[in-house]
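One structure is given below, encoded as structure tokens.
Per-chain numbering from 1; labels A, B, C and D assigned in written order.
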């Protein structure tokens, strides 16, 4: 940490889920971090290697119930719990403890929007104004000094990274944005549900949450931040027979006088120097398998057959850049670590 | 068989590919058909069970080269060859022999459009006017008496079945149709290509042929037939890590005064009585795995978050309704068999 | 049906599981069967199309609780319930009603062995002697007149079909039989368990139940019936990242004077005329995908590098020949239908 | 790097295959290595990012033909070429250049055995005696000073690691060893073959090379080295519908007086301190997904139902510990790097 004497002491809440395990995978090799506590509810008492044998052989604390966690020796809390659980919890934390949360609880600045989409009262409206949206490429400065960082949703990351710079620069129409997204199964978590059995998911595809997936609120908020006006987006998620990866195919109209190449150039300029965003040259086709296990985002820009339109395709690993990797990136920003630390792994292919 | 004395004698050209094998699977149990000849180029001399062990145990003719095939005792030829091969071949067939072709060679009524998309001169412009587009739900009467039937492409089937009735009735806008399609790997055929290896395809997704996939010409032709005017469609195919299935997510605008439910009702009315098309009730979500191995198409109609728009989702098995099953259905129409004969199998799930 | 006036009236208990759905898939097209009742516990009140959309469009009774089922108009009950549930249930059935059960409850002739492996008292020791083991190729005559047929386990089917004829003829050693079996995930059923999620199962393999899988009792019973002596078998099941299929690789020693080809000849002779068992010629390699969705078993016999030994490989679809297809086959035998009726479908590949 | 002034300069021959790409993945983050040259035949002239987009964004040399490679500034050559190509090539290398080869060309000490299994004359019988078998856990000292290291086959690694210590200590019988192995598809390489298409491989399994897979020669050589006597092993490989991973289920007899736990203890003792081998406690079940992308081997030891026998299960990632990772490990040994350098990544799950 650039001169920090000792590693930051970290607790991961919800470590028996996939995003928790992915945090462990990334943080276990991070020289600035000491994983001090791992919580799990149903699996409390187990070792992490019992819950996730692929993490066996590491020197990790056992899983404990959150109630049994002492925050006195924790500097930073990672929240990998379901939405609705973090408001009350963060309120009870010592002021000194920073929080990077992956639930939706602090993502939406307007508590009414939170209630509309999540069906719950917002339990920490006093803290919400302190929360910063944790997409470093778009909100790096605010993240740096934040106490509470709200890690973005997996889909919203894959849509905002390509669209926000285009919308900000006024290159695309705002009334006919369509994001057709496709996600691997790990986004659904580790809960035992019939719908996510191998037998139910493999060798087939389907859309879900058509028109009413909660992530749309987050996408629209991001576009409002970028443009200063309300934007309504069509967003259709689909479940893919694979574990990792999100691909968003985004259909946009071009503002008068703007060409397809202008979009590519604008994105390339905006993300020049960013270690985790790669804008492909014309004709380059992003594939989720090229970022499997890595924190990278790939963007391709294509002409549309209809004049005045373009197609932007963005891929990420939903568990890395779409979740835990992005949290680690936020942590690096918050604590002054090199932004790529712990995130150097290349994609695993095949 | 409507009183026909003896089974029709069938030849399948290109039987060593997946669509050829799928024809055998369906026709082997069809009481009105006698499979007389199977051709293959590289695998000539092999038994069908060598080329496709899952078809072992049947009494099938061995694979021969097309040059060694005697059409004297053939009534009907199924073409499962690449485009560019059928024009010359059909010209040489006895007038008496009927043809159901799955290549693109007879699908496009305008030879110039064929040349534009396939880069080849049309080799049988004299025969093209006799060719009928083999989508029974939309062109049944013409198919009945046709000598040459052009089996539709897999993607165009999944887009035209939901869109043509809506376009015909003037319920949707024609200037902003977007079809975001997702296909299993079997659509790419059995040719040994690096891009289709298990290692390259599984656990990942990508778009391909963005803006310039050939099937768009066929989709636009179908919409022109339906509306009498030229239509330009945005069409983006994606490759899925599964073998069978196509899902097309289609974004449309609604003509003034038309609601989402009107689309569903119109489709339900149009396909009432059709054995292979099922329009799902509101909220019903089509999945490719629900039609795996079956000749069925499922359609779901959803509201779009943007007012005045709707989302139509259509699924099929690309090798059955998207290819060989549809050919068998055409044959049933042509020869007066019950239209479901040979196509009674239910979907295989899981 | 051999002159039977009307179709047999069938109830399927546990129709919301995969083996129940598979029975519906097969029986819905069987001309001698009328599906009168479908039971489910948690999903009672749903239509079958809600529980299994791939079976939509059929005219099926809704799912009811087993308590609400009236056996007065049922001729035959198919049991697709967990072990431990059928003993009491069969006792309460009218004597007139025949039963084909897929649980383990009636498979083991010795109640003590049942208790040893399943940890339960046998609840119908009076009925057990009437129960017939439902492997038609090995027990056809007994099945014909049986009132209670116990459908074999998926693994035991794949091991007994190749081994029983060899053991009966005294061609193989009985002290060193090893069956290394590999199964698709559907064998684990539709219960929502973390271990069977797509994320947990795909892209990886592992053994399970090493040394202590319950099916070993059934395999050893089959070999005892075949030889008149106790046999101990090594059996190791493995979970495969696929939905359907079992492949058993069986290592055997040859009795003095017996060669590898003798095994193949013996099996070919024994199964000559059997519609569902195919012994491959030398060099033929069985693959599960060649029987996907079909009721067939393929057997290959190979030399072992160690002299005096052989390797026998057997494949089946665990949901068809390893479960529901075999039940239908038993029903055909019991009611005098042609044995292949309802089971004519060819394998689905790819 | 133990005081070495500058990174070692490395060439990877056959970098357009999976093992070549995997080497790049691992070496690109290795502080002691400078990747100076990458060769490919068909793809010469391409950038590495064109051949393998997941490696885009790295500063790598373009692919060149091997003929165009200047060995003057190369210290170490990694061979990822097919067998039969390395004998001649190594002969032409400057004496100063060290070689770690993944082909079979230098694995078998007896040229006659090489010829028997590979059907080729051994083209460098003079060099063969210098070659060291590159399994660090078993041959570390010899590797340290070797000029030519022969990287073991993927299957032999998974069989020798568990068996060699047991055989050396005389705990197991040598006349009835059976290795039933299961491998992911990446072991077949990137060559475009029909048999390895997604459509041919997914959703199904089969054995291949029964009795006559070449790796058996290597396994038997390893056991001969361990015991001083000839050993014949039964080895049956199976192809799994997954990309990465090998699981070998090994059936052994116990020498009089030896118990199952003795095997586990012996292995645990032998591999104590080894960073990449983990012997699981009793009941621990190794799964390939727990080592996906990592250089680890997991071993489980189980009782067999037949008294006096045991089952040993070993898993690895065939592209890492079974191929490129082991090469990097050998390099670390040869050059005095910490043995885990470049190999610290944890497994990727799910």
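Operating definition for what follows: a contact is a pair of C-beta atoms (placed from the backbone, for glycine too) under 8 Å apart; a residue touches a chain by one contact, two chains touch by 3 or more.
It should be emphasised that the depicted structure is a prediction, and the values quoted were computed from it without experimental measurement.
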item: Pair of chains joined by more contacts [C-beta pairs], A-B or B-C; value: A-B
item: Identified repeat of the A-C interface (over half of residue pairs identical), from C-D, B-D or A-D; value: B-D
item: Chain B-chain C separation of Cα centroids, rounded to whole Å; value: 36
item: Whole-Å separation of chain centres (CA-atom averages), chain A against chain B; value: 40
item: Multi-chain contact sites of chain C, meaning residues that touch two or more partners; value: 18, 185-186, 199-200, 202-203, 241-244, 287, 289-290, 292, 350
item: Contact set on chain D toward chain A in their complex; value: 18, 21, 25, 28-29, 52-58, 185-186, 202-203, 243-244, 278, 287, 289-294, 296, 298, 344-350
item: Residue ranges of chain A touching chain C (in the complex, touch as defined); value: 18, 185-186, 190-194, 196-203, 241-243
item: Touching residues on chain B, where the partner in the complex is chain A; value: 175-176, 178, 180, 182, 199-200, 202-208, 210-211, 216, 232-236, 238, 240-245, 247, 249, 251, 285-290, 292, 300, 302-306, 309, 311, 313, 315, 350
